[in-house]
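Sharing a structure, written as structure tokens. Questions coming.
Order of writing sets the chain letters: A, B, C and D. Residues in each chain are counted from 1.
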Amino acid sequence: MAFVCLKDYEEKAAELVPPDSWNYFKYGACESTTVDLNSQCYKKLRLVPHCLRDVSRQDLCTSVLGFDLPMPVGLSPTGSVHMAHPEGELATARAAEKAGVIFTLSSYSGYSLEEVAAAAPSAIKWFQCYIYEDRSITEKLIRRAEEAGYKAIVVTIDSPKTRTSYPVMRRFVSGSVKPSSVRIGNFEGPLSSDYRLHVHNSSRTWDDGLKWLVELTNLPVIAKGILRAEDALNAIRVGCQGILVSNHGGRILDTTPATVE
Amino acid sequence: MAFVCLKDYEEKAAELVPPDSWNYFKYGACESTTVDLNSQCYKKLRLVPHCLRDVSRQDLCTSVLGFDLPMPVGLSPTGSVHMAHPEGELATARAAEKAGVIFTLSSYSGYSLEEVAAAAPSAIKWFQCYIYEDRSITEKLIRRAEEAGYKAIVVTIDSPKTRTSYPVMRRFVSGSVKPSSVRIGNFEGPLSSDYRLHVHNSSRTWDDGLKWLVELTNLPVIAKGILRAEDALNAIRVGCQGILVSNHGGRILDTTPATVE
Amino acid sequence: MAFVCLKDYEEKAAELVPPDSWNYFKYGACESTTVDLNSQCYKKLRLVPHCLRDVSRQDLCTSVLGFDLPMPVGLSPTGSVHMAHPEGELATARAAEKAGVIFTLSSYSGYSLEEVAAAAPSAIKWFQCYIYEDRSITEKLIRRAEEAGYKAIVVTIDSPKTRTSYPVMRRFVSGSVKPSSVRIGNFEGPLSSDYRLHVHNSSRTWDDGLKWLVELTNLPVIAKGILRAEDALNAIRVGCQGILVSNHGGRILDTTPATVE
Amino acid sequence: MAFVCLKDYEEKAAELVPPDSWNYFKYGACESTTVDLNSQCYKKLRLVPHCLRDVSRQDLCTSVLGFDLPMPVGLSPTGSVHMAHPEGELATARAAEKAGVIFTLSSYSGYSLEEVAAAAPSAIKWFQCYIYEDRSITEKLIRRAEEAGYKAIVVTIDSPKTRTSYPVMRRFVSGSVKPSSVRIGNFEGPLSSDYRLHVHNSSRTWDDGLKWLVELTNLPVIAKGILRAEDALNAIRVGCQGILVSNHGGRILDTTPATVE
């Protein structure tokens, strides 16, 4: 089989990845309405080209937070990549290194941030984290990221609560599947998957939370999960150097708008 | 099977409820266009969350007509619930009692309003009724509801005439089904189902009808079935203390807008 | 089988009517885009009822051109009804007579206008015709209609040229079907179906055509086939007493708007 | 089988044309989104006729660049027509000659422009070409076209880069198909199909490219591939005598708007 577009990779992945892991990647929150919207809405966009511009030198180079990139592309943080392939985040970090684009490591990586940094030493690496109930967990992760050469902190701010898909929820409720122990490289010992549901601090606000984190580190901080203009302004106000417009892949709250909308 | 969303319950009900009863619940007026719209239109709504608000204390408490509720939810009046399950309205009233939400008993309940009141003594119970041709029927029902501890009267005002679904209509017309005798707990003796078609008083107006009822009782009166702003104002004018925006589940008149519209 | 809506009759007709005749009724011009639109567009309309109006006396009576009708309904002219049932226009005229609504006879009726008049003597009968190349044909038809007690003349003005459906066209082109001789009650001898394609006068205009016809008769003249406001005004200007908004059932020109639009 | 609309011809062609050639004609760029849009968008247009205009003389005659045409129709340049039928462009040129409409020969014709001119001597022939990296190729083609009696030059300006369909791309990538040698009548020797990818000059602009070509020839020059009003103005500015609004059949860039939009 030949791979010429994203759908080709998706179809092959559906064959190769173990069913339970595939379900984890495939489904979004509840009915996956927003997961579907995320790709459908691209179909509604129209390219209307200008003719006879000089396009012999096509230069997609850009610079983000001072980093020079060959194209305006970066890998968003993706949890538990090792569930799809044993090399997991080591492999995706190396791919980003090779392409020269930004790699953002999820704090729920299968490999520790130090292992990933060692695997892709010259990649432009950012580190994603949450503000935990116990803020010292967040602080320790950031210190380790600074030490390991990560260049920015991406704080996910759209998940005060999490929600899983109806298909997965049905299997938990029916008892046919037990909350599994997922290897989480950045924490000591295995973490049961329902642990995650509780560690996020849902009382955090712009000033009592994100601002604290901005002041904690000299690394630039990027707020991920913004869907409203007013929240982009909030991010600037508390000192963030960037935002990521995102609906978390439709995995946290169903029926949010498509990212491209 | 596990139940994680409304559709799961609906699918199970389709298996458990006897086919004739299920048809009664399933179909709306004529072609069920509005029944379908009622759920489809929710899919078009988009949630656009605000980030980093303090959501650690999620309080859905509200107060309706002076009653404190743990969440803004109430059970709308549903006729003939006993056709779906032998315990019928006794069971739904108990469920509402347990959840602390409002229970509205249909006058076409399988159990009498007194039986339901006895089954769920501490539920917040409202009573739904129509303005009958013979107003003394309405008055007697309201007196009984007052006596039995119902706290508000919900008057359905959108059904001067009723209409059934095409599938059900075809079976009546073809003679393969006779109008059945449905047990109606609030009336003496069984009531043939076509009786209902005639008892509603289609000559009633805001002033010669609803106003009369408002003055008849000290209980708050709520007008159910409003689809136009001007009718909301009419309800206020004649002394109602609330309205229920409703298309009667698409069961009375097909091609009305979805409730959420 | 029971008949509770139009679709039920349509499905039964598809069984009973001979296939060739059914194709004649079923298909519109070219791809039947407008035929489909004509019914689909009704689905988009929404009824938004007013509550608590006095509807105990439902009076649909109206008056059209001085004729009192029990409801605002009339039968549009339909050609070759005898192809669907041997009694054809005799039966539909009798049905209209019984219901008290307007019956409009197509000039391409299977029965002569005199036969139809005799079959339904007290029906409110209108007569539909075209302005033919040879105007004396039109004049003779109108004189006969006047004599036979028809009360208005409906002039179809949307068919300077006719077009058939692609499925029917394919069968003619392939030679598997010969243009048939259809019995046309109002003309002497059988009329071959391709005759019709030529008799209409495509040079007629409002002033040199419809105005001539208006002046020819004391009967009120109604212009059928209007889709533009300016043409409604034209009809008034030349002395018509009514218009019929119509796309000819989508049978003459495909991709015109739905009538209800 | 009878042929009464374009779809009939398309379906027959799908049977007759060898599969590889058919794929070449059938698919557009990437996912063929714009190929589908090109026909779907016609379905959304509505014809709203005026009644009672004199249409007895239907005259579709028009004049384009001084040429009298019986109808406003012309054949757009289509590459490799000989892949669909051995007579290829000779046959399509003869058909245009017979109908009296414009025939535009693609420079990627299976037959040389001289052969086509000889086959249809009295057709109104235009010649399509690109501005090649090596401008002398373009110049030679234009001189030959002038000599052979072509009456206008159509310059395709929307393809600085080309892109094939995903289905075709997959077959190339998988190695199951080798870039084929397509006979190209206007060039010496066979031209490998990937040659085409490189010859177009993507550095050409309105002033350094199209203007050069306009000044090169006394024939009128028409810019093909315009989708923006500003580019129509650019074409006029550099001396073009016409434009062709086109998305290249959706074959160069996917998700451009439908031509009729």
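Throughout what follows, a contact is a pair of C-beta atoms (placed from the backbone, for glycine too) under 8 Å apart; a residue touches a chain by one contact, two chains touch by 3 or more.
Nothing here was measured: the structure is a model prediction, and the numbers come from that model.
K.L.:
Go through the assembly and pull out the chains touching subunit B as well as subunit C.
P.N.:
Correct list: empty, since no chain touches both.
K.L.:
I want to confirm something about subunit C and subunit D. Since they are copies of the same sequence, is their interface symmetric in residue numbering (over half shared, so same) or not (under half, so different)?
P.N.:
different
K.L.:
Need the CA-centroid distance for the pair subunit B / subunit D, whole Å please.
P.N.:
For subunit B versus subunit D, the centre distance works out to 64 Å.
K.L.:
Between subunit A and subunit B, what is the gap in Å from one C-alpha centre to the other?
P.N.:
Here subunit A and subunit B have centroids separated by 45 Å.
K.L.:
Taking each residue of subunit C in turn, which ones touch at least two of the other chains?
P.N.:
Touching at least two other chains: none.
K.L.:
If each protein chain is taken as a node and each touching pair as an edge, is the resulting graph a line, ring, star, complete or other?
P.N.:
ring
K.L.:
Can you tell me which positions in subunit A touch subunit D when the two form their complex?
P.N.:
Listed in rising order, the residues are 1-5, 8, 43, 45-56.
K.L.:
Quick check: in the complex, which residue numbers of subunit B touch subunit C?
P.N.:
30-31, 33, 157-158, 160-161, 166, 169-174, 201-206, 209-210, 223, 225-228, 230-231, 234, 253-257
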